[in-house]
Amino acid sequence: MEIDKLKVTTSLDKWIKLNVGGNLFMTSRETLLKDPNSMLARLISDSDLISDKDENGAYLIDRDGKYFSPVLNYLRHGKLILDNGLSAEGVLEEAEFYNITHLIALVKEHIQKRDLQTSVVDNK
Amino acid sequence: MEIDKLKVTTSLDKWIKLNVGGNLFMTSRETLLKDPNSMLARLISDSDLISDKDENGAYLIDRDGKYFSPVLNYLRHGKLILDNGLSAEGVLEEAEFYNITHLIALVKEHIQKRDLQTSVVDNK
Amino acid sequence: MEIDKLKVTTSLDKWIKLNVGGNLFMTSRETLLKDPNSMLARLISDSDLISDKDENGAYLIDRDGKYFSPVLNYLRHGKLILDNGLSAEGVLEEAEFYNITHLIALVKEHIQKRDLQTSVVDNK
Amino acid sequence: MEIDKLKVTTSLDKWIKLNVGGNLFMTSRETLLKDPNSMLARLISDSDLISDKDENGAYLIDRDGKYFSPVLNYLRHGKLILDNGLSAEGVLEEAEFYNITHLIALVKEHIQKRDLQTSVVDNK
Amino acid sequence: MEIDKLKVTTSLDKWIKLNVGGNLFMTSRETLLKDPNSMLARLISDSDLISDKDENGAYLIDRDGKYFSPVLNYLRHGKLILDNGLSAEGVLEEAEFYNITHLIALVKEHIQKRDLQTSVVDNK
């Protein structure tokens, strides 16, 4: 019985709820710790940052959830995936806010390529 | 014990819920006070504007939440980020409604650039 | 005490919940009464139309909420704002259903301009 | 009193909740019965099809809610309305699944026109 | 009475809730078992994979729900349906994560065709 209780606690501990500007995200502790220098790793480590939680126990982050999706996905699988229509500048802003060095580089590279393509089309 | 209770109150006080036309947003008091002349700063200061709240304690605003996102993001980080497809005129309408002077200027500038580009393409 | 109670009732009376095909909208009674001949004004006046409500007290409307957004926004600020990608024909259908004469004219005008532009591009 | 109770039951009976792959839709019984041969009419008639419901009393359908919207709208007003970006093939798949003969024809016609236009542009 | 209870249990057993990064999906056990080698079939078989559930009994998956939609739809009807704007690379990433061999092939084929078309346009 003691062991079962422990198992449940451990299992729930693995999962983290985030309330990003009113949108709920659910992810694993492991994912958020991927980049130890990021603000997200610091948020859940609770040592040097006082973290607020909402009434459902989700960590509160005062940012837009829409641009947070590609940031979280990057931490999940290491790639930058951007849907058409989503502003890359919006994602860059978040990558910088969350301080994820490699993602910042990836988004900047993406913006450079995009602008190069556009200017080629314009000069035809 | 008294101190703990105070801490919880202070922490919850930092966070504000907004119900914009039925969409929930969560942000910090600090963000909403960024532009002291805006309707949002007045809304939460409670002195000269009688504010209604819904059953979850969120301030009620009779506007569309979709166009509110870029407005709130501007208050968060000071930049205008517009996804493709979202009507800039829709955001201008909200910037004027919320009375955020610098954002109004940013959106107008964005619209001018966009219309210039379109007319260049049309005249080729 | 009586006065306080009255104030709360009045304040809640100002706000109306709509359940449009499963999507929740929140707006003011004032907004819905903007066009007195519209089906929305009749819906909340309760005299000549028997209105159903869901379990949260929201008026039930058997239509798509996505195309309802521009209709409600028109009542809020008097302008037609359409995002890229959203079907103008879908909004026209709703403007006619809700019987908002001026909005019907605005959407038809928008469609005519759009079709004119497209045919110019096709004939180049 | 008996009459009032009856009225409430009748009113609630008019409205049907659907849980399409996790998305909630609310519509009238009348709308779902528009095409008597459709799977939706059979779903709520309860005679030849055993229907599952979720914990809120919504009929469970194991399909994607995004492509269900134009199907339900068709039953509401008899027209095919497709937003830009939404896959027409995705809607055709659902029209066939729900077995709505006239809608299947409308979507196929839409796809033919679209493909014709594209090939004209390609051959210029 | 015993039989009725059994029926309810069996009916609820047929339906599975998934919490994919905070988004709720509802589908049938049958759909998730379509590809027996997929991670989804293993998730609900509970034998070789320890599965976490959220407080509503939904299986927790640490991925983005937006790219999960076409994956689930593929299991429902066997076709690849992609909306405009949705990143095919994002869906490929998920098809590989969930280990659905035939879907991986379908998405790769789609990407090849798309890139071929783009390069033809560029070289005109």
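In order of appearance the chains are A, B, C, D and E, and numbering begins at 1 in each one.
One rule holds in what follows: a contact is a pair of C-beta atoms (placed from the backbone, for glycine too) under 8 Å apart; a residue touches a chain by one contact, two chains touch by 3 or more.
As the structure is a computational prediction, the values presented were derived from the model and not from experiment.
Looking at the partners of chain A and chain E together, they share no chain. Touching chain B and chain D at once are the following chains: C. In a homomeric contact, the two copies may use the same or different surfaces; for chain B and chain C, under half of the interface residue numbers are shared, pointing to different surfaces.
With centres set at the average Cα position, the gap from chain A to chain D is 36 Å. Annotation: 22 Å between the Cα-based centres of chain A and chain B. Residue numbers of chain B whose C-beta contacts span two or more other chains: 84-85. Under the stated contact rule, the graph of chain-to-chain touches is a ring, a single cycle where every chain has exactly two partners. Ring order of the chains (start chain A, then chain E) is A, E, D, C, B. By the touch rule above, chain B contacts chain A in their complex via residues 11-12, 14-15, 17, 23-28, 31, 69, 72-73, 76-77, 79, 81-85. Contact residues of chain E toward chain A in the complex are 19, 21-22, 52, 54, 60, 62-64, 66-67, 84-87, 89-90, 93, 97.
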